[in-house]
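Each of the two complexes below includes subunit A, the first together with subunit B, the second together with subunit C.
Up next is the complex of A and B:
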């Protein structure tokens, strides 16, 4: 693609993270590490009721707790809370324990209301209404293409299945929150955020402060995955507490808080009927789905882009299809964008149905996909993966693996039609006479390697080494960069850094008369700059990035048919992402996507209690995430497509993992476990080994 | 957590005196700090017992004595224990994470509080917390018991891995009660939890576990568990088996299961039936049927029956070496 050099020293190769020494030595300062002079702890009081009318909040006793400097309510006057964990009040104090004591001292007067925390109950017309006067379930018109009912009669094989994905809770390593200092000069906010400029603007508008009086900083960040975009209620509360106390306030959520109110992936309950003609071509598809994003898009802590609706029949073209879906509100924390919103549940439903149909047709699942998947890149990836994974040698008919511990393989494909770039991304470079160079972008590094990508591109253009580039991000005083969502960061910043550095090179050469200032000539050229450093501005350039990454994954599992335990032995991922910028951080992104996808497949699930309305597993003891002992051999085959320019990869890599694992389990035991997570309990139930409850 | 006093005990007697007035013993702290921080229990004083002499020793002999302060990691890493009581070593190796095992003690592992997610939740007042009802019985009971006492409506199971292994090894737990060394079987140590919904075990306030005593009668032992995850996860079901195996025949057989009852689940009739028999698939399967007979299956915990059945068979067959 235009611009990118064909021969490269760093682009497309592996550069270690430039900030690795800071991270492994603990010198890296995350928002949760900021200890601003005189800082106080901040904490949030949350609703103990899944639904209630709040008639009064008395803060007097909290204010009397030794060490407490401020206590505020989130909202004045009577209000209705709609989920367990909704924010009611906040306190700031000298110690964590003082804050905990103060939260317990706040007196809340409330009248409990009826509630519903279960999607299937919420669907019923007589269930308690989450939003007064409006039914819990939306009732949109089904979308139909062709003539589905007739088409099913024309099919040689039809499969009907029920596929369920649970609510997945956002659990980045670093919980949501910030440290905020609000003085007469303005607001300085160290926010764990996916968008420093969005956070700045949200703080300014919520607090009625001019945007130029708000500075948001985020030097290091411990993951976001879609949950850390504004609105940022916890930051607004921290700022209000800071103003009230004249001190910086650090308000980072606890792991318990994190499970309740700062985002999750919606659930799905997918009834799918799918049919193919005798030649193995998809012919008819029917989906009836519902799911919940909690209380929905209302409420002060809800984020956008949560997506209960599934883009079905996903990556396949089916001439006759009907899709009926409903969004069900329940009394639970709102959904937020979650790594490839909508895609993992869509992939799980569709790809499971594909394998169930392939089994009815007696076709190898990869062959079935090669026949029906219109994606040219995925076609290429499946073919490469068949060889790399050894599909043909490993494949056995579903359920034909011998013995107690059965092996199975499965596959699934991904699409990430979002992606692309933020075309307004800007950046600058300051080149000093001693040859040092600082590249500054108002972007944030979520932990994905953004800083390293900047160093790699700059080093490539300037003929320097990546470690010679001083990279500065995470400050709203720098030229504006993209919010990090939709896997757009890499495609936004790479062309920008290219432009900044190309212009810098051109200017230094013009200014100093050095014909080629790159590499060996760099320091001599810089010396000739004289006293003033050179500052060069640049921006995103068209034609150097694109969108629509694909990717396919293959999974190999062991299933113990007596205990139900699933062990993932191997995941083989064949992934394109356009031009590869930095190979090892790219592979890290893919590893992370697969490990997260495996958690979705086997372990993660928010459990709500119907009777009390609480989240029963607001901790890592019973909200189970993949641990190192669970992680399989991950084999990544990268398809470098420099002609497409840079494409982000954070999201597509997590899309097909759960579906591939689910299909491998089906292949091993010959029966479908249609519900995630695939626990021992569900495997044994699918095998018909679980005795019925005792009648009491 | 609420404020408390803190004292370090220099003798078991002074430990007991210090803890007499609503005190709690502090050793590894894994369980204690958790329940204190969640306001699930209150203590007026924490009595640090980590420096008590003699409680951190492993004494070998015809009967082994393992002090209450011996860590789970020490059991896991002891080559002698692995040789003499492989079931106990395996049970220790599956406790929590390496970091937890490094500080967790035998006494603490045996006396930990219920892990029921209703009990542990800060905003549910379940029966165990003197509320009106057991939420789990008709609620989310996937991790709960298959066997409970008649008058008992708390269904949270014992989750101590070590208790399961100790039960299979006919271990005696020596408890200092009102200044007197009181021997208890594992069943006796948990019987009260089986009968009384408010109890986590049979220990009374001030009781201090001093050591466990394991006879060497059982020359073969094994332990296995199944969890949702491959490490750092509670067992869904755990099972320990022990006995003396000679010429393929077993004598003094013992099977104990964890996580399916408020106390390690043992069935004497099954042990008696197995005594003197050859360990083969048909026999161990029959034993498993006997042990699991009468399970009261709730809405979400029926899967524990086939897992328990498999683990009984596998741990017994593993005794053949």
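Up next is the complex of A and C:
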């Protein structure tokens, strides 16, 4: 692709993560580590009712707790809360213990209201209304193409199935929150955020402060996965507490808070009917789906773009298709974007249905995909994966694996049509006469390796080593960059850094007369700059990045038919991602996507109690994520496509994992466990050994 | 667990603390079980009550002495992160489930969120900052860097401490030993495969080669269409 050098020293190779030494030694300062002079703790009081009319909040006793400096309500006057965990009040104090005491001392007068926390109940017309005067379920018109009912009659095989995906909680290791100092000079906010500029603007508008008086900083952050986009109500509260106390306030959510109020992946309940003609071509598709994003949009901590509606029939083209979907509001925390919003549930539903239909047709599932997948890149990826994974040797008909512990394999495909780049991304470099260089971009590094990517691209263009580049991100005083979402960061910043560095070389030539300041000439050229450092500004350039990463994955599992335990032995991932910038951090990203996808397949599910309306597993002992002993052998084949330019990879790699694992379980035991997570109880129920679990 | 064999309860200091927190009825039942416990209780009752206000607490961390004023209910993690500048140990859950707060006490890895600072007086506490005090990364830390055994890095200090403690106890671990040692550490980014590699590199089983991986890159044009 135009611009990117064909021969490279760093781009496409492996560079160690440049901030790794700070992270392994404890020197990295995250938002939760900021110890601003005279800082106070902040904490939030949350609703213990899933729905209630709040008639009064008395803070007097909280303010009387020794060490407490301020207590505020989120909102004055009467209000309605709509989920267990909704923010009511906040306190700031000298110690965490004082804050805990103060939260207990706040008196809340409330009238409990009827509520509903179960999607299926929420659909019923007589269920409690989450938003007064409006039905819980949307009722959009079905989207129909062709003549579905007639088409099913023309099919040689038809499969009907029910596929369910649960609400998943992001649970980044560092919870959301910030340390904020609000003085007469303005607001300085160290926010653990995926969007420093979005956070700045949210603080400015919520607090009615000019944007130039708000500075958001985020040097290190402990993961986000979508949960750390604005709105940042917890930061707004921290800022108000800071103003009231004239002191910096650190308000990080507790693990419980994180599970209740700052987003999740919506659930899905997919009734799928799918048919193919005798030659194995998809002919008819019918989906009836509903799912919940909690209270939906409208709440104070609701985020957008969470993806309840599924883009069905996903990566396939079916001549006759009908898609009917409803969003159901329930009394639970609002959904937010979660790593590839909409895609893992879509992939799970569609790819499960594909394998169920393949079994009815008596076709090998990969063959069935090669017949029907219109994606040219995925076609090649499947073929490469078949060889690498050894599909043909391993494949047996569903349920034909002998013995108590049965082995199975499965596959699934993905697409990430979002992606692309933020075209307004800017950056700058300051080049000093001693040859040191600082590259500054107003982005944030979630842990994906953003800083390292900047160093790799700058080093490549300038002919320097990555460790010679001082990378600065996470400051709204730097040129604006994108929020870290949609896997757009890498494709936004790489062309930007290319432009900054190319312009730097031009300007050095103009200013010093050195025709080629790269590499060996660098220090001499910089010396000729004179006393003043050179500051060069650049911006994103078209034609150096693109979007739409595909990818296919193959899974191999053991299923113990006596205990119901599923063990993932191997995941083989064949992934395209355009021009590979840094193989080292790219591979880590893919590992991460697969391991999170495995958690979605086997362990993760937010459990609500229908009777009390509370989240029953808002912590790590009951909300299970993949642990080190669960991790399978991960084998990655990267498809190099430099002609497409840079494409982000954070999201695509997590999309097909759960579907591939689900299909491998089906292949092992010959019956479908259509509900995620695939727990031992569900496996044993599918085998008819125990009664079906009562929920989901 | 030797203490447990002796009289059915764990560790003399925590036993005393435990008994103090019990109501009379429970204490009576417990005391009936063993003479030793009754004697312990008598001793405990004779002691001066500490707190609830802040009291002087002296901790030995990374070879340095930290003199702090802490309420007795302040945890070791809280003391490190919020009463000193040692923020390397992270708080991921504050309830013994995630391992981000792992530190070593006399070479034994513990969740620092589950110990009261006041109980840790007189012990040798090592945090992640203590591993590279000279400015040079330890073998384990360097292996984490070399193998990219970290992403966001928030769980990393905990994993580094768990692996360090493992290697001190067992310099030649198997992969299963590493999995066992890190079973109490949660990582949400998915660094586990590379944590295992890093541990094996630090143990000398895998070579000290940066950026080694079996991931293969193939040009699109070379794939069969």
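As a convention for this text, the second predicted complex is superposed on the first by the 690 of 696 C-alpha atoms of A that agree within 3 Å, B and C clash if a C-alpha of one lies under 4 Å from a C-alpha of the other, contacts with A are read in each partner's own complex, and residues count from 1 in each chain.
Here is the rule we go by: a residue touches a chain if its C-beta (ideal position, glycine included) is under 8 Å from a C-beta of that chain, and two chains touch if they have at least 3 such contacts.
As the structure is a prediction and not an experimental result, all values here were calculated from the model.
Chemist: Taking subunit A as the common reference, can subunit B and subunit C both be placed on it without clashing, or not? Answer clash or fit.
Modeler: Here subunit B and subunit C cannot both sit on subunit A without a clash.
Chemist: Between subunit B (first) and subunit C (second), which, if any, makes contact with A:635: first, second, both or neither?
Modeler: second
Chemist: Kindly classify A:438 by the partners it touches after superposition: subunit B alone (first), subunit C alone (second), both, or neither?
Modeler: neither
Chemist: Does the superposition put A:607 against subunit B (first), subunit C (second), both, or neither?
Modeler: After superposition on chain A, A:607 lies in contact with subunit B alone.
Chemist: Just to be sure I read the superposition right, which of the two partners does A:244 touch: subunit B = first, subunit C = second, or both, or neither?
Modeler: Neither: A:244 stays clear of subunit B and subunit C.
Chemist: In the superposed arrangement, does A:562 touch subunit B (first), subunit C (second), both or neither?
Modeler: first
Chemist: Figure out whether A:121 sits in contact with subunit B (first) or subunit C (second), or with both, or with neither.
Modeler: Touch status of A:121: no partner.
Chemist: Name the contact category of A:317: first (subunit B only), second (subunit C only), both, or neither.
Modeler: Once the two structures are laid over each other on A, A:317 reaches no partner at all.
Chemist: More residues of subunit A in touch with subunit C or with subunit B?
Modeler: When the residues of subunit A touched by each partner are counted, C comes out ahead.
Chemist: Just subunit B (first), just subunit C (second), both, or neither: which does A:201 touch?
Modeler: neither
Chemist: Look at A:685 in the shared chain and tell me whether it touches subunit B only, subunit C only, both, or neither; answer first, second, both or neither.
Modeler: first
Chemist: Of the listed segments of subunit B (146-154, 200-208, 236-244 or 308-316), which one clashes with subunit C in the superposed model?
Modeler: Stretch clashing with the third chain: 200-208.
Chemist: Kindly list the residues of subunit A that each of subunit B and subunit C touches, one partner per complex.
Modeler: Residues common to the subunit A contacts of subunit C and of subunit B are 97, 621, 626-629, listed in rising order.
Chemist: Name, in rising order, each residue of subunit A that touches subunit C in their complex.
Modeler: 12, 14-17, 19-30, 32-33, 35, 41, 95-97, 171-175, 220-223, 225, 252, 254-255, 376-377, 379-381, 383-384, 446-449, 576, 580, 583-585, 587-589, 591-596, 619-621, 625-629, 631, 634-641
Chemist: How about subunit B: which of its residues touch subunit A in the complex?
Modeler: 1, 39, 115, 117-118, 120-124, 135, 138-140, 142-143, 226, 228-234, 236, 295-300, 302-303, 305-307, 309-311
Chemist: Per the contact definition, I'd like the list of subunit C residues that touch subunit A in the complex.
Modeler: 71, 73-74, 78, 81-82, 85-95, 97-98, 100, 127-129, 131-132, 137, 141, 144-146, 148, 150-157, 160, 178-180, 182-183, 185-196, 210-211, 213-220, 223-225
Chemist: Write out the stretch or stretches of subunit A touching subunit B in their complex.
Modeler: Within the complex, subunit A contacts subunit B at residues 48, 84, 97, 100, 104, 256, 562-565, 567, 602-603, 607, 609-612, 614, 616-618, 621-622, 624, 626-630, 677, 679-681, 684-685, 689-694, 696.
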